[in-house]
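You will see chain A twice below: alongside chain B first, and alongside chain C after that.
The block that comes next holds the complex of A and B.
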C-alpha cells in the first residue's frame, strides 16, 4: 500500500462507487474553479481593461466574458461536442451568455432525479427534458388518475391507469429523444432511497407529504447532492434549494438540509393534503417551473457564481401566494444546524438504516370514536321504509363549497368548521334550517354525513355535548353514515360525483 | 430616555399569517397591532410576549395546538422577523421594535 501514502483518512474505507462519486465531485469543482479564474482575470489584469471604451457595452462584454462559448475549453470533459440537430434544438438557450456551449454540455452531462411526478414533477420534468438534461430519473409508484390531470400536465387522459413513470416517459420521449430517461417505478423508502439518489447529481423533491420530504432530504445529505425543494397547497407555494453545497468548500459553508430548517415534523392533525385542501393547477405549476430553473442554476457553472453571491447572507426561501400583492416574497432562512441528525449521524453512517419515517411524522389515523350501533351503512339508510316514518334528516358537515358541488337531495349543510368553532350557534341554525324546511314534526331524527366518515363522527360527539347544555335541541341523533359520501357512492348511487 | 412615555405610546407592529395559518386568525392575513412596549414585569416586549398575546387575544380558532405547542410556535411554522428567520434574530428573546413585520408561515407539503 506504499503508493497510497498521503491519501486522507476519510477515503481509505470508501467503496468503489463512493470513490467514483468523489472523483466526479472534485472534477466538477476543478471545472468551476477554472471558470472562476477565467472570469476573474480580465477584471484584475490591470487598468487597461477597465478603461477601454466603457460606452461600447458590446466590447466590454466580450472582454469580461472571454471565449466562454468556444476556444477557451481544453479540459477533457469538454472535448465532446453536440450533434448537429442539438445545436438547433438548444440554440435559443445556448446563445445566452449564462449557458453557452460549455453550459449546454454541462446540462447534457448532468443526471437529475425527479421524485414524484405530480403537480410539481410534471412541469419540472418537461422543462428539464426540453433543456437537454442528459439523464433524467423518474420516481413514482402511483398510477395516472383523472383527478390528477388539471395540474399534472405531462399526463394525458389517454394514459389514465398507466404507471405515472411510464406515462411521463412517453411524454418526455416525444418531447426530446436526445436524452436518457430512467424509470424508477416505486415509492422511495429508507431501504432504496440512498442507492437511488447516488446515481444522480441533483434531486428534485416533488412529493406530497412530510414523511417523504424528510426521506428525500436525508438521502440527499448521504448521497451528497443538492436538493431542490418545492411544495404547494390551495393558492400558495414554497421553494427552496437545500443541501447546497452538499459539502463545505473553501468559500462556502455546507447548505442546510430539510431537517436543519425543520428538525421536528409538524403535528399530523395540522397537515392538509391536496386531496383534502385542494390545489390550483397554475399555483403548483409555477413552483414546478421554478424548481426546473433552480436545477439549471445548480448545473450551469456560469450562473452558479451569481447564485452563490446572493445566498451568502442565508438560505433564500421563496413564498408564492396567488391572491397576495405582490405575489412573491423571498425571506432568509438559517444555515445548517450543528446538531442536525441528518447532517451528522446519518451522513457519517452513510445509511438511513431502517429509519421509521411514518413513525417520526406520526400517522393521522382515521377517526373511530363512535360505537358500531351509532354508525349506519349507506344502504341501510336508503332502505328505511317510508311506512316506518320519515328517514332521519341528513346533516352534511362538509364545507359549503363542497356541498354546493354536489349533495344528497334534502340533506342540509352545517359545516364541521362552524360546529367546531361555535357549536351553540351552529346547532341553533341547524334547528331553524330544519323547521324552515317544513319538518314541523319535532322531535325529528337526524343523521350526520361527510365526505369520508371522519368529521361526521366528531360532529355527532359535539352534538351530544351541546344537547346536554341546550334543551331546545329536540332532535334524536341516530349517529352518522359510515364511510360518508364515498361509501354512499359505492353502495347507493354510483353516479354521485367523485370529486 | 423616558421609559414611561415610551410605554404609553405603544408599539405598532404588523403581524401576517400564511400557508393556512390565517384560517386560525379570522381568515385574515394581515393584522396591525399595537402592543405595550413593556410587559407586566417592565421588560421590553419580545417575541415570547407576542406569541402569548396572539393566542390570548387574536386567535379565533379554539384549536390552540394548531399554532402553539409547549409554549412555543408549533413545529412546521416558520417565524420571520422583517423577512429573516427568527433563529437569526434571537427567537423568543428578540425585542420588538416599532413597525416590525412578523410573518408566521406554515410549511406546505402538497405537490
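The block that comes next holds the complex of A and C.
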C-alpha cells in the first residue's frame, strides 16, 4: 500500500482492528469536544430565527425572503445553549438517549435541503422543522394546486395558486419559529443544483421524475453530502439513504449513489407520474415521514456508530407496499459502482453543467401518429348535425376506474390495456355491444377518445391492424378525438370533471 | 399470498412497474433456474417486459442485490455466471420509482 502523507508514525504499523478502535476513540473525543464548545458558546451563536409575514409579501422573485434576526440576549452567568422555550419544545425528544442535549444541538446546527415540497417533502419538512433542524432549505418551482391537497399536507386550500415554497414556509413557520427557513423558489437544474446543495449538510430528494432523481443524486455526489431518497406511486413506496458516507473513509467505503443502483433510466414511455398513475396519501406520507427519520439518524451523533454497523453488509433499501403482507420489506442494495459516471467523472470534474438530463432520460413526447384527417376536434364532433347521419359512437379507452369517475354520455368503455393485450377479443366484445344496442346504422362508425389524446391514437392504429385480419367487424373507425377529454372540457363542456 | 412457493419452485416478487406490467405481485417459477436465464424466462411469459421494465430494474436474490446482466463485471455483490436460483428462493424485481 502506498504510504499516506502526513500520517503520524505510530499509526503506520497498526492492524486494521487497532485502526478501527482508534477511529472510534477519536470520534468519541471529537463529539465531546464539540459539545464542550457548544456549551461554552454564547446563545447568540445559534441559527438566526426568521419572522416573515407571508401574507404581506406576494413575491415571485427568486431570492430568499428578508429575515429579521431575533437576537437572544445573553444573560449574565448563563451557559445554556438552547433558549428556555427550546428545552420545553424539544424536551420529549431530548430526553431520549438517541438525542440528548448534544443531539439537539447537532440538529440545531444542521442545514438540511428538501428538494420538492409535494407528497414526500410535505411530511418530511413538517417533522424536520418540528424536530428543530436549525436551517431548512426548501426547493420547489411549482404552485399549490387543489389536486395536491390529498397528500401534500403542509399546503392548504387557502394557499391554492401560491408558490409552494411560500406556502411551506407559512406552515413551517407557524409550527416552529425557532428555525431558519431558506426559500429556493425554482426548479433544480444542472446549472444551479451543485451550488444549491453545497450550502447544506444533507439533501432529501422528494422530486417526481427520473431526470431530477439523477440530477439531485449527481449534485449530492459532487457536493459530498448524504442523500435521503424516497419515492412513491400508487400503493408502493421506496426508501434508501444514498451517498452515505459521501466520501470513502478509513473504515468505510463510499456509499452508492442513485446511478450506482439504477445506472439506466426506465424508458420514458413507461414512466407514470402521480398525476397519471395515481397515489394514495398515506403511502407517500409514510415514506416522507421515514425520510425525516433517516435524516435525523444521519445528523444525530449518539448512535451513528450503531447505524454504521447495520449498513456494513450493504445499503439497506426499504420497500413499502400497502397491499403486500407484511407491508414492509427490507433488502440490501449493492455498494458504489466502480465505474459509476457520477462517483468518478462527475465527482472529479466537480460539475454537471454539460450533462443533458433530459437526453439521458429521454423525453416522453406526446403521441402523434395519426394523419390529420383521422383526428377530430371535440367541437367538430359536437357540431355533427343529425341530418348528416348519426355521430360516431365514442369509445373511451381509459381504464375502467377512470371511466366510472366520469364519462361522456353514450360513450362506451374498452380500456386501452385490454386492446393492447388482446385486440381480437377487445374488438369482438365491441361487436357484441353494438349488436346488443341494435344500431340501425350498418356498418356503424366509432371514434376513440381518452384522457389526453395519446392512447386513443394507439387504439386507432391497433384497430386498423385488426381490421386487416378480421373481416367480421361490424363497424368502421373514424379516428380519434384530438386532445381527449381535456380538450373536450376546454371546447365543449367546462363542467366535465378535471380529476 | 401463500407464505412459501410450492415444491420445486422459487418465488418471484414484482414491484412498481414490474407489478403493473405483469398485473401480478408475484409468480412461482420452476427451480432451479440460472440467474442469467431469468430475464429470458420473463420475456417469454411477458413479451416486451425486458425493454419496458427489466433493463432498468434492480434485482435481489434472497433479499440481497444481484447483478443479473453483469456486463461491467464490477460491483460489491456481483453474481458470477454460475449463480442459480434454487427451490424456495425469493427473487424481487425492483424498478426505480421516480414519482413522489
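Throughout what follows, the second predicted complex is superposed on the first by the 417 of 499 C-alpha atoms of A that agree within 3 Å, B and C clash if a C-alpha of one lies under 4 Å from a C-alpha of the other, contacts with A are read in each partner's own complex, and residues count from 1 in each chain.
Note that in this section contacts are C-beta pairs under 8 Å (C-beta built on N, C-alpha and C of every residue); 3 or more make two chains touch, one makes a residue touch a chain.
In this text, all values refer to a predicted model and were calculated from it rather than measured experimentally.
On the superposed chain A, the two partners chain B and chain C do not both fit; they clash.
Shared-chain residue A:300: touches no atom of chain B or chain C. In the superposed model, A:325 makes contact with chain C only, not with chain B. By the touch criterion defined above, A:339 reaches chain C but does not reach chain B. When the shared chain is aligned, chain B and chain C each come close enough to touch A:210.
Common to the chain B and chain C contact sets on chain A are residues 116, 118-120, 206-210, 213, 230-233, 236-238, 262, 264-267, 269-274, 277, 279, 284, 314, 317, 319, 321, 324, 329-334. Those residues of chain A that touch chain C in the shared complex are 116, 118-120, 206-210, 212-213, 230-233, 236-238, 253, 258, 261-262, 264-267, 269-274, 277, 279, 284, 287-288, 314, 317, 319, 321, 323-325, 329-339. Contact residues of chain A toward chain B in the complex are 116, 118-121, 205-210, 213, 230-234, 236-238, 262-267, 269-274, 277, 279, 284, 314, 317, 319, 321, 324, 329-334, 420-421. The touching residues of chain C, counted against chain A in their complex, run 1, 15-17, 19-20, 25, 51-53, 55-56, 58, 60, 63-65, 67, 72, 74-77, 92, 94-100. Interface residues of chain B facing chain A in the complex, by the touch rule stated above, are 18-20, 29, 60-63, 65-66, 69, 74-78, 80, 83-85, 87-88, 103, 105-111.
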